[in-house]
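Below: a set of structures, written as structure tokens.
What follows is a pair of complexes built around chain A, which joins chain B in one and chain C in the other.
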Partner chain A sequence: MYRIRFHGRGGQGMKTASRILGTAFFLEGYEVQDAPRYGAERRGAPIFAYVRADNQLINERGVITRPDLVIVADDSLVPVPAAGVLTGVDEHTVLLINSDESTETWKHRLNLSCRVFTLPAEAEERAELRFIGATCTGAAARLLGKISRDALQQAIKQELSELGDAVIEKNLARALDAFDCMQEHEGCIQTGTEANATDYSKPAWIDFPFEDARVSAPDIHASANSVEVRTGLWRTLRPVIDYERCNKCWWVCSTFCPDGAIKVSGQTPEIDYNHCKGCMVCVAQCPPHAIEAVAEQLARQQDAEEEVSP
Partner chain B sequence: MAEQPVSIYRSMKDLPSTHLLGTGTPMCAGCGGLEALNQLYDIIGDKSVFVNAAGCMTLLSVYPFTPFRGSWLYTAMASAPAGAQGVRDALDILIQKQRMNIDEDMQVVVLTGDGSAYGMGLSATSGAIERNLDFLYICYDNEGYGNTGQQFSAATPHGAKTATSTGSRGYPGFKKDLFAIWAAHNPAYVATVAGAEPVDLARKIEKAMSMKGPRMLIALSPCPTGWDYDPQETVTVGKLAVKTGIWPLKEYVDGRVIHTKIPRERKPVEEYLKLQGRYKHLFEPVRNDELIAEIQNKVDDYWGRVGK
Partner chain C sequence: MTRKLLTGNGAAALGARLAATDYIPAFPITPQTEIIETISGWIDQGEMDARMVTMESEHSMVTAAAAAAASGIRVFSATSSQGLLYGMEMLYTVSGWRAPFVLVNVSRGLASPITLEPDHNDIMSARDSGFLQIHCSTCQEVLDSTLMAFRLAEDERIRLPVIVNMDGFYLSFTREPVEVPDPKTAQNFVGDYDPENIRFRASSPVSQAVAVLGGVPYSYFRYETHLAAQNGLDVYDELSREFANQFGREYSAIEAYRCDDADIVFVMLGSFATKARAAVDQLRKAGNKVGLLRPRLLRPFPAEMFRMLLAGKSGVAVIDQNISMGMGGVLHSELAGALYGHPHAPPQLLSFIGGLGGRDISLEEFFEIADVTRNAVAQKHTPPPRLLYTEQELRQMRKLQAVASVERDELNNSGGAKNG
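On to the complex of A and B.
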């Protein structure tokens, strides 16, 4: 049985990606399970989806804890504990990650002995991750080696039929490109061992003593400590203020910022990049158009270059 | 006409330039509800207890983090006003027993989404108004159960596509008139606001804060995730809701309804609808003139009825 887990952020289409892969397997005659798991239903939240495919009836249920293939659409999820990207990854697992960094970097950083593949993308494309699901699915299909190009195409058409031809075409192009570029690694994924009831080790239970609610209830005594959460990491586009153009209107950007991430000190607005989520409301509302949207990846590269040669 | 107290919020320049609510919340990028809450919280201030029914904004305070500077309490979806009653009573008893100074008193604020305000929590709300509970109710209305994937709620507008109304005609029902339901209880204050109209919003929350008794603000909360538009359009969508007359800005005070911002010339509703993916089926694959006209007529009827 193949056990495949997709990790991504809400809005990147991981649920759809898993459905496409599931449908492609089905078209090849497999028994299939696919299901998404969410925490909060919102853009940017870590979500995962999983697919099981087998030649016989699948009796296994629930979240996949020993994956054969893990697909990560957004490499910023790897260090997020709640995302659980590395759960159950062992030597037989293949990790497919969308990242600008090399496979060696990831293996070294995560101390992995398993195979790692990356899906490199151009910086400009990374700002627009709408088709990342298709790219991941295409690559995964080839790595699995059990899905033909035709089945992949048909599955995409079937699952995206509501979205219109233009969207389908773009998804097909991305998926097939990814499918083709994984040619040399075709069929490299090994199926893991079947779960066995006899050698199943039960989870080790920890008994917590019953405590008074005043002690054990989750109680926050700090004020506005949410600032510790760096939501700036969500950003794919960065708003940059051109202070020469800013007409010091006072606070259009600051008032409309949904996150309160723009404050006006003196007369000039300042964007708090640690918390700006990159919604670009300020860019759309600034009366003299003094705020520009820059791809986050490029902005970071520029920052790094400036640090090197000040 | 009774003399209206003069507001300190006359233009954008009078709005606060730094913000009280903490950043780093898990709301979606471009959340129209959070935009409104940020503006409201600047004026409500930290001497407040927020009683939050389950919904998107429950996620504001997920242990161990909170964006609030005052207190926050979580309740089940249907019972936020009952929770507010408990908090208000506790504060009153503490003051009465002189265990708390009267100048330390706090504003009790119920914060819920439309699922709770228009539907599940309406019975508890009605009871709280009946008991003349001194509380402020803020509803962030994104016209559906957003936190679970935008299923339709009693606040979903006619024709909108949701996760549970996907046909070619969208949601068959009509948006419940919560403003009128509140007004029928004869409370101290009810108003509609939008984060896209911050001065109007500031004046209304200022007025609500100066009063006692049951008070309600319904904030239209454009939702990029549930309404399916680019997050940067949040304010544009909110402004168009007002300019097309779909979201009338009004208040109920002393038994009368006053429209606080009347669009001089209403834009066609189409301009508002076509920005949002939840109305895409009205324009593609074929234009549904009949349904667009139906929505337009509803809006025209409303403004005709109120004589504007």
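On to the complex of A and C.
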């Protein structure tokens, strides 16, 4: 059985990517299971999706703990513990990561003995990641070596049918480029071994301790603790205020901000980038169009450059 | 018949459509919302001839469903978790009206604390409501059970609403290959709803069970409802055979997997049971005679069938994905009730609780459950109920608690709210 996990941020299309790969496997005659997993948060929050494919009925369910292939659409997720990108990765796993940094850097940084591939994407595109799902899926299909170019194309057309021909064409182009690009690594992914009932590591079950309600009630005593969660890390687009154009109306952007991340001191709005999730509501609402959306990755590069040469 | 990838939610919606449902009162809740979104999309595009009304709560939704069913039309609705609980008063009420309809419940653990992931405490709370319950383990089964549920509900020997249950995420959002019957065959199987004497019309109003009764007439009505629910066993048996003849898929009231020659048997409900199936395959490879029983029907409870299937087995491990506070696993006690005092009942009946709030159950844990059960048989001693929870998971919990107490200390020391 093939076990594949996709990691990305809400809005980057990982659910769709997993469905394209699932459908492509299905078109090739495989039994398939694909599913997304996320919590109450959506856009920008770490999410993952997974695909199982086998030539017999699939009984296994739920989160994949022994992945053959892990796809990371957004390399900023690797250090986020809650994203669980490296869960169950061992030497047989292949890691496919969308990153400007080299495979060697990632292997060294994460002390990995498994194979790592990076996706060559144009920096401009990578910043917005509009087609990253298709790119990842195209590369994954070739690495798996069980999905033909035809099946990949058909799966994309099927899964994106509601988005219109123009969008399908763009996704097809990216996916096929990535597919072709991985030619020399075709079929390098191996299925992992199955758990066996003679030789397994026993679960370390505990006798559950009683703890009194002062400890065991799910109460939150600290107020305003949500500020501790730096949801700004979820942002893929950054709203930037052009103060020359800002009317100093002092309320439109700050009132519409669903996260209360825009503070007005005096008459000047200031965006709290630690907590702005990059939803772009302010960009849409600002009457004089004084807020611009900048790709987060580019904005960060600029920040870094400015720090070096102020 | 075509085979395509569908989520459990998609399969439920398609079941409602293939059964030619007339009316769908709706209220959204994660992880069920995709069902009503799908149906509303079809209605909007003119692909499904039905009426959907969005209600202001599940309480009204269940009431509207039963009231519409009492006017002689076919009704479908769906909910989950807190939504099912919010409609609970009306669940009990409308089953007493004896107006049949189908309600899909997408299982999700109950508050508090809040989760989106599945366990069965929501559906267990509807156990005594008079609704029959079919529990599914695959997306195919969700579609097929929805069709069967209309037959079951509308059968003149039953006339009760039926809940089709599936697990949130593990089925609701998971796509699997599903054989989709063509609409004609499906409609032939489900048939027309013949409401007989429960045809409510504005010109001939009917009051549904509004009189305040004393114990004698009250008992009569309640026990009649119980007998009708029990008729569900025979009716289900009949119609699942008919379904198998027409569609080639068999759904007996209890799925028995590699059970015939098994010594040790797992018993569990829902989609996690397919994991148990995978574990059984591995255990068999290692030479262990282990099998699985998965009740599809929970109400009516197939007690006689359980007795038959478990006769002569040496050990049974019930894995409950629910917990009755102060008692333990619900299925475990129901099964104990069914087996007690019967001459061939297995001597060891063990209780495990796992999968609460979607907590995964690993293959290794199933192997271990088989091992613990085998030891209980050998030592003729039943161990206490066991929560599937590891040392490492408790450490993870301790870490969260440590963070929480640091926060609290900081708060106490600063004497008020912290600043970001």
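By our rule, the second predicted complex is superposed on the first by the 294 of 310 C-alpha atoms of A that agree within 3 Å, B and C clash if a C-alpha of one lies under 4 Å from a C-alpha of the other, contacts with A are read in each partner's own complex, and residues count from 1 in each chain.
The working rule: a residue touches a chain if its C-beta (ideal position, glycine included) is under 8 Å from a C-beta of that chain, and two chains touch if they have at least 3 such contacts.
Predicted, not measured: the structure shown is a model, and the values here were computed from it.
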item	value
When chain B and chain C are modelled together on chain A, clash or fit	clash
Contacts of A:Val227 with chain B and chain C, given as first, second, both or neither	both
First, second, both or neither for A:Val281, with chain B first and chain C second	first
Partner chain(s) touched by A:Pro218 [first = chain B, second = chain C, both, neither]	both
Partner chain in contact with A:Ile206 - chain B first, chain C second, else both or neither	second
First, second, both or neither for A:Asp259, with chain B first and chain C second	first
First, second, both or neither for A:Phe26, with chain B first and chain C second	second
Contacts of A:Gly44 with chain B and chain C, given as first, second, both or neither	first
Touching partner for A:Thr198 - first (chain B), second (chain C), both, neither	second
Touched partner set for A:Tyr273, first chain B, second chain C, both or neither	neither
Single chain C stretch clashing with chain B - from 25-33, 133-141 or 295-303	25-33
Contact residues of chain A, present in both the chain B and the chain C interface	40, 218, 220, 222-225, 227-228, 272, 274-275
Residue ranges of chain B touching chain A (in the complex, touch as defined)	12-13, 15, 17-32, 34-35, 38-39, 46, 56, 59-61, 63-70, 72, 146-150, 195-196, 198, 224-225, 230-236, 284
In the complex with chain A, residue positions of chain C that touch it	5, 112-113, 116, 169-170, 173-177, 271-272, 274-275, 277-279, 281-283, 285-286, 288, 360, 362-365, 367-368, 370, 386-392, 394, 401, 404, 407-408, 410-411, 416-420
Interfacial residue positions of chain A with respect to chain C in the complex	19, 22-23, 26, 31-37, 39-40, 58-63, 65, 194-198, 200-206, 208-209, 215, 218, 220-225, 227-228, 272, 274-275
Touching residues (chain side chain A, partner chain B) in the complex	10-11, 40-45, 164, 218, 220, 222-231, 234-235, 249-252, 254-261, 263-265, 272, 274-275, 277-281, 283-285
